[in-house]
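In what follows, chain A forms one complex with chain B and a second complex with chain C.
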Partner chain A sequence: MSEHEEHTTHSQGFYLLIGAVLLVLTATTVGAAFVNLGPFNPVVALLIATVKATLVVLFFMHVKGASEKLTGAVVVAGFFFLAILLSLSLADYLTRSWR
Partner chain B sequence: MASTAVTANQAPKLNYLNNGHSLKSWLLTTDHKRIAILYLISVTTFFFLGGFFAMLIRLELLTPQGDLMQADTYNKVFTMHGMIMVFFFLIPVVPAVLGNFLVPLMIGAKDLAFPRINLLSWYLYVVGGLLISHVMLTGGVDTGWTFYSPFSTEYTNTKIVEAGLAAFVAGFSSIFTGLNFIVTIHRMRAPGLTWNRLPLFIWANYATSIIMILGTPVVAITIILVAVERLFHLGIFDPRLGGDPLLFQHLFWFYSHPAVYIMILPSMGVISELITCFSRKRVFGYNFIALSSIAIAVIGFLVWAHHMFVAGISLYAAMIFSFLTFFVGVPSAVKVFNWTATLYKGSITYATPMLYAFGFMGLFTIGGLTGLFLATLGIDVHVTDTYFVVAHFHYVMVGGVLMGYLGGMHFWWPKISGRMYPEGWAKLSALLVFVGFNLTFFPQFILGYVGMPRRYWQYPPEFQVLNVLSTAGSSVLAMGYLLPMIYFLWSLKYGPIAEANPWHAAGLEWKTTSPPPTFNFDETPVVTWEAYNYDEIPDKELEAPVVR
Partner chain C sequence: MSDSPVTAGSVTTMEHEAHNPALLHHFSDAQQQKNAASLGMWLFLVTEIMFFGGMFCAYLVYRVAHFNSFAAASQQLSIGMGAFNTAVLIVSSVTVVLAVKAAEAGKRKLLVGYLVVTVLLGMTFLVVKGFEYREKFERHHVPGPTFKFTDTFDDNGKQIPVNPKEAELFFSLYFAMTGMHALHMIIGCGLFSVLAIFAWKGHYSPGYFTPIENAGLYWHLVDIIWIYLFPLLYLISRHS
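Presenting the complex of A and B:
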C-alpha cells in the first residue's frame, strides 16, 4: 500500500502557466483556421489538440509523477481502447468500395 | 476452517436498516447497503414502467391491424420501452443493486472506496430518470433507443436532445459506480483475500467496471455530437456537410455493444455464486471463469460493427467483425461449460435461486448461440431488423440478465432484508418467468425467420398466430415478475427471520449478521481459504436448505 505516494506537487504559479499555455494553444487553433493549409488543416488542428490534451493529462490530472501503478494502468488502458476505436473504424472507412 | 468474522445467528439490535428511520437518513446516506436499497426502489420503478410499454407493444401486435394506437405512437412506445429498459434498468440493475450491496461485504470492507461518489451516482441516476420521465410526458421520442442519424439529427421533430441528455446523465451514474468498484476491489480487500481467492461475482463486477469506465464516455460524446449537429448543423454525420453517415453507428455501437456485457457479466457472476452454493462444490476451473470475464470485457470491444453489416460498411471490415464476433463466443462458452462441469457429481438442491440459475443457463445459451447465427454474414443479411434479432437479444438481455438478477435477489434477500421469502411462491414465480419468457420470445425467432420486420405496428395476417402466442406469453411473464415484488414486500413484515447464513454458503457476506451492521463487520475478517470451499463447509442442507 502506498498511502504516501508522492504526487509531484507544483506551485500555483506552475498551474497558471500551464493554463496560459493552453489558452495560447487555443488561440493558435483559431488562428490556424484562418490560414488555408489544404489537406494539412485537420492535421495541424489535431496536433495542437493532442498537445493540449497531453498537458491536461500530465499536469492537471497529476499523471506525471504519480507513483500509483493503477494510474498508469488506467491511462494505458484508455489509450489502448481509443486505438481500438480508431483502427477498427478506419478498417471500415478506408476500405469502402462505394466511397 | 479459519474464520475471524462475526458469526451471530440473531439479527443485531442495530443494523443498517434500523440505524436511522428519517427520510434524511436515507437520502443523505453514504452506506453502500442503503444506496443499494435506493437503487433497488428506483430501478424496480423503471422496470415496471418499461414493462408497461412492453405490454402496450404486445397488445398492439395481438392483431394484424394497427388498431390500438397510431403508427407514430407505436414508434414512441417502443422507443420508450427500449430506452427505459436499457439505460434505466438493465445497465444499472445488477451492479448498482446487488453489486453495491455485496462488493464491500464480499471483500471484507466497511464500505466502497468513495461513499459520497456512490451516493452522487444514485442522484445522477434519479436526475436522468426524471429527464426521461419529462420526455415521456411531454411528447416522447420516436427514433428507437439507438438514436440513428440522420433520422435523429435531421428529420424527427421529437425530443431527441432531452432524451439524449437523460442517457448522458445516467451514463455518468454508471461511470461513477465502475470507478468506485475498481478502486475498492484494488485497495480494500480484506487481509489474505488475494485476487485468486476473490468470489467470481467480484471478478465479474470488476470486468463490468472496466467497460463502464472505458465505453460510457464514448456514447456520452456521441450524444453530444448528435445534439451539436441537430442544433447547430455542424457536419459530423451528414455527408452534405462533410460528415460520415456511418460514423454515428460506429461510435454508438462502440459503447452500446459492450453495454450488453455490462448487463450480462454481473449476472454471470451471480450464477457462479448460485451454482457453487446449490451444488455444494468448488467451482470447476476458477481461473478460467475469472479470466473469461476479463476476456469478454476486452473482446466485447472488438465486435461492435456486427450491428452494421447491412448498413454499408466495407466487406473487408464486415469479415473482420464477423470473425471477432465468433471469437467472443469462446469466453462465454467457457463459463457455461464450467458451470455445467461444476454441477457434475454435485449434491444439487433445487431452491429458487438455483432454478433461476438453470433458467439462465438455458436461455443464455439459446441467446448466445443465435448470436452466432447473426455473426454469420449471409444469415445476418436475411434476418437483420427482423423479429429474429428481437428474440435473440431478449434471450440474452432478459433471459440472461433478469434470470441472474432474480436468482441473486432470492439468494441474497435474507442478507438484504433479514427475512426469508416464501419458497413455494418463489418457485411458482420462477416457473412462470421461465414458461412465460419462452412463450413470449421463442415464437419471435420463427416470426423473424419467416420475414416479420421489427418496429412495425401492423403485419400480414399469416403472422397472427405466433404473435398471439407471444402476447399471451408476455402476460404470463408479467405475472412471474409481479409475484416476487409482492412476496418480497410481504416477507419484510411476515417472512421468517433469516439466519446469518441460511444457505450455508461460502463467502464473507455470509459471515456477518443478516441484515449486516452499518459497517459490515465488527472485526476485519482475515481470509485463509480459497473461494467456494464447500468441501469444508458443513452440508446440513442436503435435506433442502429452506423448507416452507
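Presenting the complex of A and C:
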C-alpha cells in the first residue's frame, strides 16, 4: 500500500535486481530445454515463464503496492477468465480419445 | 491510500484545478485521476490478454492433436535468436520502469534517454525477428503454395513421422502469434517515440506522467506475451 502518489515506484537497484533475476530465469529455461526431462520439459518451461510473468506484473507493473484495490481485482479477473478459456477448451480437446 | 474522495466537495475540486493544469475537472484530485487512468489501461490490457489467449488456446489444442509434426517444426526455430530477443525485451522492460521512475523524479533528460533506449531495444527485437522471418522464407517454411517441410529427422538421425500439412499449421500459428506480437512491438515503439518527443518538450512533471506509466503497462504486457511465446514455440518440443 502506498502512502502517497510519490511512492508508487521502487528503487533503481530493486528494478535492476528484478531485471537480473528475469535474465537468469531466461538462461535457466533455455538450459532446461536442452536437458531431457521427458514429460516435464513443458512443465518446467511454463513454470519458469509464469514466475517471470508474475515478477513483471507485481513489480514492473506495480500491481503489488497499487493504491487502488480495484486494479488488482481487474488483473486477477483477467487471468481468471483466461484460465477458464484454456481449461474448459483443453478439458474438451484433451478428452476426445474416443474419436 | 485509496480513500478515494469521490464525494469530496466541489470547492476542493476548484482549488485543485487551479493548482494542477493536468487535473481534469471531473476528478477530485490527481491521485483519483491517476487511479482511473490506470484502471482503464488495465481493462484494455485484459482484452489484450483474452485476444492473445485465444491464439495460445488454438496453439495448445493443435499441438496436442498434431504432436509429432509440431515438435519437428518447432525444432526448426532458432533458440539463439529467440533467447536473445527475450533478453532484449527484459532489458527494455527495465528501461521502461526506470523511465517511469525518472518521470516521477522530474528528471526530464534522463526520462527522454530511457524512452529512446527503450525504442532502440524494441527496434533491435524487430530487426532480429526480421532475420528470423527471412530464414523462414528462404527455407520455404512460410505457409502457402511454396511451403515445404523436409526436416523429418531428429538430432540423432531418427525418422520422425511428420505430416507436412500439420507442420504448415505450426508455422501458420507461429506467424500469426509472433506477427501479432511484432505488430504490438511496432505500435509500442511508435508510442514511446511520441512520448519521448513530448517528454523532451516538458509535457510531464512529477505531478503528471500518466501517459508514461500507461505506455509502460502496455510495454510490460507485450513483454509478458513474449515470455510465454518463447518457451511455447521454441523450447518445449526439443525432447519429444
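Here is the rule we go by: the second predicted complex is superposed on the first by the 88 of 99 C-alpha atoms of A that agree within 3 Å, B and C clash if a C-alpha of one lies under 4 Å from a C-alpha of the other, contacts with A are read in each partner's own complex, and residues count from 1 in each chain.
The working rule: a residue touches a chain if its C-beta (ideal position, glycine included) is under 8 Å from a C-beta of that chain, and two chains touch if they have at least 3 such contacts.
This structure is a prediction, so every number in the text was calculated from the model and none was measured.
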Touching partner for A:Asn36 - first (chain B), second (chain C), both, neither: second
Partner chain in contact with A:Phe60 - chain B first, chain C second, else both or neither: second
First (chain B), second (chain C), both or neither touched by A:Ser97: first
Partner with the higher number of touched chain A residues, chain C or chain B: C
Touched partner set for A:Leu85, first chain B, second chain C, both or neither: both
Overlap of the chain B and chain C footprints on chain A, listed as residue numbers: 1, 70, 74, 77-78, 81, 85, 89, 93
Chain C partner contacts - residues on chain A that touch it in the complex: 1-6, 8-9, 12, 15-16, 18-19, 22-23, 26-27, 29-30, 32-38, 41-42, 45-46, 48-49, 52-53, 56-57, 60-61, 66-71, 74-75, 77-79, 81-82, 85-86, 89-90, 93-94
Complex interface listing, chain B residues touching chain A: 182-183, 186-187, 210, 213-215, 218, 244, 246-247, 250-251, 254, 301-302, 304-305, 308, 312-317, 320-321
Chain B partner contacts - residues on chain A that touch it in the complex: 1, 70, 74, 77-78, 81, 84-85, 88-89, 91-93, 95-98
Touching residues (chain side chain C, partner chain A) in the complex: 1-2, 4, 30-31, 34-35, 38-39, 42-43, 45-46, 49-50, 53-54, 56-57, 60-61, 64-65, 79, 83, 86-87, 90-91, 93-94, 96-98, 100-101, 104, 206, 216-217, 220-221, 223-224, 227-228, 230-232, 234-236, 238-240
